[in-house]
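Think of it as A, B, C and D in the order they're written, each chain with its own count starting at 1.
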Amino acid sequence: MAEKKLLEVELAGLKMANPLILASGIMGTTPGGLNRVAREGAGGVTTKSLGPEPREGHPAPNVVKVTAGYLNAMGLPNPGVEEFASELKEVELEAAVFGSIFAHNDDEFRRVARVLEPTVDALELNLSCPHAESLGAAIGARPPLVEEIVSAVVREVNIPVFAKLTPNVSDITEIGRAAELAGADGVVAINTLPGMSIDVGTRRPILGNKSGGLSGPAIHPVAVKSVYDLYEALSIPIIGAGGIESGEDLVETLLAGANACQVGTAIADTGMSVFRELNSWLADYLDSHQMGLSELIGAAHDY
Amino acid sequence: MGKDKIRIRKIESVKDETPTIKTFKVFDPPSAKSDPGQFLMVWVPGSGEIPLAVSAVHDDYIDLAVKRRGSTTKYFHELEENDKLGIRGPYGNGFKKPTEPSLLVGGGYGIAPLRFLHQKYAEQAQIHVVAGASTEQELLFLAELDPVAVSTEDGSRGIEGTVLAPMREVLSEVEVKTVYTSGPEKMVRGVYDICINKEVKLEASLERIMKCGVGLCGSCLIDGFRVCQDGPVVGLDQLKEFEEFGVWERSFSGRKERI
Amino acid sequence: MAEKKLLEVELAGLKMANPLILASGIMGTTPGGLNRVAREGAGGVTTKSLGPEPREGHPAPNVVKVTAGYLNAMGLPNPGVEEFASELKEVELEAAVFGSIFAHNDDEFRRVARVLEPTVDALELNLSCPHAESLGAAIGARPPLVEEIVSAVVREVNIPVFAKLTPNVSDITEIGRAAELAGADGVVAINTLPGMSIDVGTRRPILGNKSGGLSGPAIHPVAVKSVYDLYEALSIPIIGAGGIESGEDLVETLLAGANACQVGTAIADTGMSVFRELNSWLADYLDSHQMGLSELIGAAHDY
Amino acid sequence: MGKDKIRIRKIESVKDETPTIKTFKVFDPPSAKSDPGQFLMVWVPGSGEIPLAVSAVHDDYIDLAVKRRGSTTKYFHELEENDKLGIRGPYGNGFKKPTEPSLLVGGGYGIAPLRFLHQKYAEQAQIHVVAGASTEQELLFLAELDPVAVSTEDGSRGIEGTVLAPMREVLSEVEVKTVYTSGPEKMVRGVYDICINKEVKLEASLERIMKCGVGLCGSCLIDGFRVCQDGPVVGLDQLKEFEEFGVWERSFSGRKERI
C-alpha cells in the first residue's frame, strides 16, 4: 500500500500506478500479451507499432544476441490497426495503454490514430520509419516532417500524443523541439540504434533484413544522455527508454529527467518479474533517501 | 546469455526418415545437454530461422527431424553433410521427467521431442507410445518407439483416423498416470479433452510461430503466455486457463486465425 | 613468417605489416606510448588528436566504466602539435604512423596538418569536434563542412588523408561521400557514441564533463553497420573501429568492408597483448578458410 | 570488470595526521583485499578524481592518507564523516611480498603504501624504515613505523636533508636485501642510484598523472610504460630501461616537463 502511493505518476494527464511502461514491440502484438504485462506490474503498456495494413514483417532471423543487447529486425509485423483495435476493444487492461503507430506520412498517421483512439489511453508515434522518398534516413531525423506528423495527429485526437524519438540523429533535442512545437504532449527517448551482426563462419549478415536495431544495456548510456539533453531543451514530459534492466538504470534515467520509463529487452534478460523487481527497488530507494518520486525526476540537473 | 549467441555447426550426416522428413545429425554439446521438450532456434544460412525440437541425443551430437513444409524447411532438406547450420538455445522448459507409467501420444513430426523423451527415460519408467501420421510412410521412428498402437489418416496402417481413438483405447487398458503429447494443435486439444475426461495428467508441447525465442517479440503468444519462454511444454492447469488454445492461433502478422 | 606475409596490407599506398591500428586517444599522447604499441604488434599507430594549442583536457573523472564499454571525456588533452611533432621527430617507429588532428575550421586543420606532415605517414582528421557556431552538433555531422576541411587538408599535404567519421548522424554514408568527394584517401568509422552515466548514490553525472563518448563492445554492432553501409557507398578504403576485442569482432569488421581496423578499448579489457592475439586469430582464420586477407574484405556483401 | 564500476561509500571517520595530511577511513571490501602498492581511483563528488594508495586496512575498512595539494585534495580535506566518496579499483600491481630483511624508504605522503606494506608483513619479515618529510610536523605514522632513522628538509627532526643520507647509513649498518620506496620522483631516483651502487634490490612505487587508471588514456606514461597498469610498482631492471625516469614527467596536456 505504502509502495503503491509512492510510485504513482501522472503523465500528461494520464494516471499510472507506477512509472514503468512496457516498450513498444515487446509482447505487444496481442491484447493478451499486454494484459499479461499489466498483471505483472507495469503501470503502462505500449502496443506493437500498428500500421494501416497488416504486415508479416521481415524474413527470419529476426533477432540476434550481441554483447550486452539484442539486434532486432522484426520489420514491424502487425495485423493492421483495424484488426488490432477490434481485438483490444474486448479487453479491460489494468494499466494505461499507449497505442503505438507507424506510418509513412501525416495522412496515414492520422488515419491510424483515428482508428486506435477509442481503444487506448494515449498514442505514441514511432517516427523511426524509413522515409520513402530518401531511403536510409528516417522521418524522425527531419524536424519539418516530425512537426507535420505530430501536429496532424494532435489535431485529430483528444488523447495525449507522445512522439518517440530515434537517437540516430546528430542532435536529438532538435527533433524533440519540433515535436513540442507541434503540440506533442510528451516525447519518448530512445528507440534502437542501427546495428549489424555478421557471422564469421558463413560470412553472412545474420538478420534476414541484414541490419537491425540495437537495444539493451549496450545503449543505456546513450539513452541517459538523450533524456538529459531533452530535459534541458523541453518542457513537456519525457518517457525514458533504452537498456533499463536494474534499479540503478531506472533511477539513473529518472534523475536524467524522465517522468516514466519503458522497459523492453530486460524482459529477455530478467524475465517478466522485472516490473515488480524494478518497482520494489525504486520504492526502497525513495524510502531510504526520503524522497518523493517527483523530486527524483531531473535531479541530476542540480549539479 | 551464452546460449543465445548463434553457434555455427557442420552437418554430420543426413538421413531420410519418411518422404517428407529427414534427420540431420549435428555436433552441439549445449543442445545435447537439453531436456526433452526444450527447443532450438536453427538458422539455415541463406534461408530462415525456425524452432526445432531435439529428437535424439548421441553423446555431444543431436538429431533434428525436419519436416518439409514451406520455404525454410524446403531449403533445409537440400542441405548435405558438411553444410552449415546456426544453432541457439536450448530454449523453454522441457517435459517433466516421467516417473510413473506414462503414455506418449505423438502426431506427425510432433513425435520428435517424444522420441528424445523416450530415449532418455524408457529404462527408468514404464512408457507406452501411440503414434499417428497422415499415411503409413510418414510414421516416424516406429522401430525405436515400438508403439502399442498407430493410426493413419488414410488407414494405410493401424487405425484409420487420428491418434485419439487408439489413445482412448490404451488408457482404458493399461495404467497411465501422465500423458505426454506433441503434434498438431487440433490433436493436442483432443488429447487434452480425453485427459480431462479420464483424469490423467498431461504434459503437452505447444507450437506457435516463433520469431525470437527469447520472450520479446510476442509472436508465440497464446493469451498472455509466451510459448517460447513460458512453454513450450504446459500442464493441464495452465491449458485450462487459455482461451485461445485449440481455437485461435496467430499468423506471421499477429492476426488471429481459426485453427 | 608465413603469418607475416598473410597479414600484410596496403592502405591508400601505405604498407602495413598487419591490418591492426592503434585507435586515436589510446596511449598515443606520447611517442613512447606509440612505440610501445608498435612493438606489441600493431601494424599502425594513431596519435592522440592534436590541436593547434596545448590543452589540459576536461576535469576528472575522465572515464567511467559502463556495461560493455567505457564512457570517456578526456577533452582532447594534448601538448599542441608543435611540441608533439618535435618529440615524434626523434623516434623511429616500426609501424605506420597516423597523425590525428582536431581543429575548429579548415584553416586550423590545414595549419596543424602542415606541422605534422613531416613526422607521420598519414593524417586522420577527427571531425567530431563540436562546431563553435552551433554548439551540440559536430563538424562531422555537416557534409559541407566536411568537404571544406578535407579538401583544404588534401591540398595542403602529400601524404594520405583519412576522415574519421562520427556515427552520431542519421546517415553516415552522406558524410563519407562528402569526404570522398573532397579527395580523402580513406575514411575511419566509427568514433564514440554520445553517452552519460549518472551515479544514483550522489545523483550526479559522474564525468567531470557530465557526458562523454561511448566505446567498447557496446558500440560494435553500430560500427559493423556503419562500415557495411560505407562499403556500399564509397570506393575509397575504410578503416573500421568500434568495440573490436575478439578475433570474431575483427573478422566481422573486415567482412563488412574494412581494409584495416583500429583497436582502442580492448587494451583496457584484454591488455597490450591484444594486438598479437588478434593477429594470430586472424592468421589462423585465413589459414583454416584458405583465404587471403584481401578476399575477406567486404565478403559479407556477396550475400 | 567489476572493480571498474564506481562504488559509492560513506566516510566512516576523519583524522588529522599532520597539518596537511588527513586520514579518511572508508568501508570498501575490494580495496581492503588489495595488495600494498596497488592504488584506487577515488572520486570526490563535486570535485575531481585522483589516484590514492591504501595506507592501512582494518577488516573491511581502508585508510586513505590524503595530502592537501591542489583543488581536489583541498575539497577532499573539507569532507566529513558520512560524506560520500566514489571508489574504483584496486589497480596496478603491488609490492613484492618482503621475505628477506627489507628497508622501507618513504618521503612525504609517499609513506602511505609503505605503511600498509609494513602493517601486512612486519610480523613475517625483518623490516626497517627510514622516513623523511619537509618538517617534523609532517612526518607520518612515526608511532607505528618506528623508523630507524628520519630526516627533515629543515632539520627540525632527525637528519637535515633528504632520506638518502640516512638510507645509505642504514644500508651499511644492517643487512638489507630489498629496498621498498615511494615518494617524490627525485627522491626515488636517488634511492635507485644507491641501490644500484650497493647492489640491493628495489621495489619502487612511481607517480604520474592518472586520468583513467585502466591503461587507455596514456596520461601516466613513462616511456612506453603505463604506470597505472604496468606499475605503479617497478623493479630495478625495469627502471634501468627508462629514459624518462627521474628526468621527465608529463603535464596534464601531455607536455614533457623537467622533474
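Criterion: a residue touches a chain if its C-beta (ideal position, glycine included) is under 8 Å from a C-beta of that chain, and two chains touch if they have at least 3 such contacts.
Model, not experiment: these values are computed from the prediction.
Judged by touch alone, the chains other than chain A, held in their current positions, sort into B | C, D.
Between chain B and chain C the centroid-to-centroid distance comes to 50 Å (mean Cα coordinates, whole Å).
Between the CA-based centres of chain B and chain D the separation comes to 65 Å, rounded to the whole angstrom.
Centre to centre, using the average C-alpha position, chain C and chain D are separated by 36 Å.
In chain A, the residues that touch at least two other chains are 204, 303.
Across the assembly, chain B contributes residues 46 that each touch 2 or more other chains.
If the chains shown are joined wherever they touch, the resulting network is a simple chain of contacts running from one end to the other without closing. Contacting chain pairs in the structure are A-B, A-C, C-D. Looking at the complex, you find that chain B touches chain A at residues 1, 4-6, 8, 41, 43, 45-46, 48-50, 72, 84, 86, 88, 211-219, 221-226, 229, 244, 250-256.
Contact residues of chain A toward chain B in the complex are 25-30, 32-33, 35-37, 39, 48, 54-57, 59-65, 70, 72, 74, 77-80, 83-84, 87, 199, 201-202, 204, 206, 208, 264-265, 267-269, 271-272.
Those residues of chain A that touch chain C in the shared complex are 66-69, 71, 136-138, 141, 166, 168-171, 173, 193-198, 200, 203-205, 210-211, 214, 217-222, 224-225, 228, 243, 248, 251-252, 255-256, 285, 299-300, 302-303.
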